[in-house]
């Protein structure tokens, strides 16, 4: 039977594969390119997580099931993409990205917590692991990563890591995982919905 | 005497140094910039390989001979570049990239196999290690990586890793290495020659 | 009391946070984006250093003080930025980058030396650790990294690593650190001031 960590990993992989594939189609990559982008987006978090806590080789590189899963999801997304209209697609990209962020925040927090790390370490690893996939996806296609342009992105994952640690300390890791995912998704939806604006310094400086 | 792993490393470093340097000259970097790009392209695979299998610090960071080799090849390439015509240069870039991909696929597979990892892990590490150099090279100069735009790039390395594992299991690692390199180069040449096209979804979606 | 390694880390973090934040403001990121860019720029070196020498999890992920420090410096820089004129800002960016480079070169060298690695390994790790922050900063906002376009950047850090090793061998690590920082900053200032030009191959090849 799957444990919570494995389930988070699977949901995260599906979400980020959809997100990576959607981005690839938008950038007019061919089928191979979109599959590679889907895999890269969905694998980055797990690989970084394991390197940071010292699991060598990273778990995700040992399971052919996850590779098959990512490839299948990517191909399916690729061929369905055409039939969807733009507005719905933008929604798919946002939602899959938010769920990927939330599940990998929980995954990273769960892994770090299980290794006995402190609150700060758990929160930092949670944030890095959750952001990793999206950052790699955007860098690979030459976009400035969401993490820099979107309101409360890495911060949502950092918050998720803190919530995880606190809940896990007073309750158990199963509850902590669920509440973390709920928290991160809620923060992201709230941020997107109200399109939270933060100050931008425009200036005499700008045009260089 | 050099063993097979070290020889793969050397050929891979030479190939990827040439490939990185050529890219640098195309992008009109100065001598220092092209050398740095040559080193980055040729070192990425080895560093990633060792981090993924837990060799700390990475072997390549311990050998000044390899650094001197990469610098010499880079300088030579830089100054010869001018005298070559464009068509020949495009060929040099393609061939050096293909050989680099193939030797690092074999290097990654050999390293992972020697650590006793399973078929899937060997194939995945082979693919990541082989792709690493080219991805870093292209990201550093703001190009979308070959891995996303070229037919059967990371897939060729993945195929190479599978071939390696199977041949090594029934024969020995020396044969496995040679056959892997031959396989990956052949796949790449075939892919380039017939310019394999895979479906691209163009759509109402495209222009965002 | 702080040891030398921790002090280097703190100065490096402050410098690279200022450098990352300045870049973020120039690119018109909002407050969150600039803070994230400041943290990413200032954390990259320490994380890479620890991964390369096998300190798991990286030290920097265990100290909330450093996170608070980076965030505070970033916010301060963000709000002061507006009041500064362009010329002064360009200077701030150059100086903070040079100090960040120098302190992380010393940090990487110190860490590698303390783990008993050889001259070559110390110099290579020094160079990678020092360059890491600036490379990540520039990649994240789609600029071609300084390491490729600026005279003697990674080379200055490599030189710093060599100086560190030699001085530490005949004297002690405290002196080695100070002399390394002095050396790297001097090389960078000299390179910027005299705007050292190295050959660029422009060619029939160029316009592709």
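Think of it as A, B and C in the order they're written, each chain with its own count starting at 1.
Definition applied: a contact is a pair of C-beta atoms (placed from the backbone, for glycine too) under 8 Å apart; a residue touches a chain by one contact, two chains touch by 3 or more.
Listed by chain with UniProt protein names: A, B, C = Glycine transporter domain-containing protein.
A quick note: this is a predicted structure, and the numbers were derived from the prediction, not measured.
Q: Would you kindly give the rotation angle relating subunit A to subunit B, two copies of one sequence, based on a CA superposition and rounded to a multiple of 5 degrees?
A: Roughly 120 degrees of rotation.
Q: Count the residue numbers both subunit A and subunit C use at their shared interface, divide by all numbers used there, and answer same if that is over half, different if under half.
A: Counting shared over all numbers used gives less than one half: different.
Q: Distance-wise, how many Å sit between the C-alpha centres of subunit A and subunit C, to the nearest whole number?
A: Centres of subunit A and subunit C (C-alpha means) sit 28 Å apart.
Q: Multi-chain contacts only, two chains or more: what residues does subunit A have there?
A: In subunit A, the residues touching two or more other chains are 51, 139, 142.
Q: Note which residues of subunit B are touching subunit C in the complex, please.
A: So the residues of subunit B in touch with subunit C come to 24-33, 36-37, 51, 56-58, 61-64, 67, 78-79, 81-82, 84-86, 89, 139-142.
Q: Spell out the residues on subunit B that touch subunit A in their complex, using ranges where they run on.
A: 51-54, 112, 115, 117-121, 124-125, 128, 135, 139, 142-145, 147-149, 151-155, 197-206, 208
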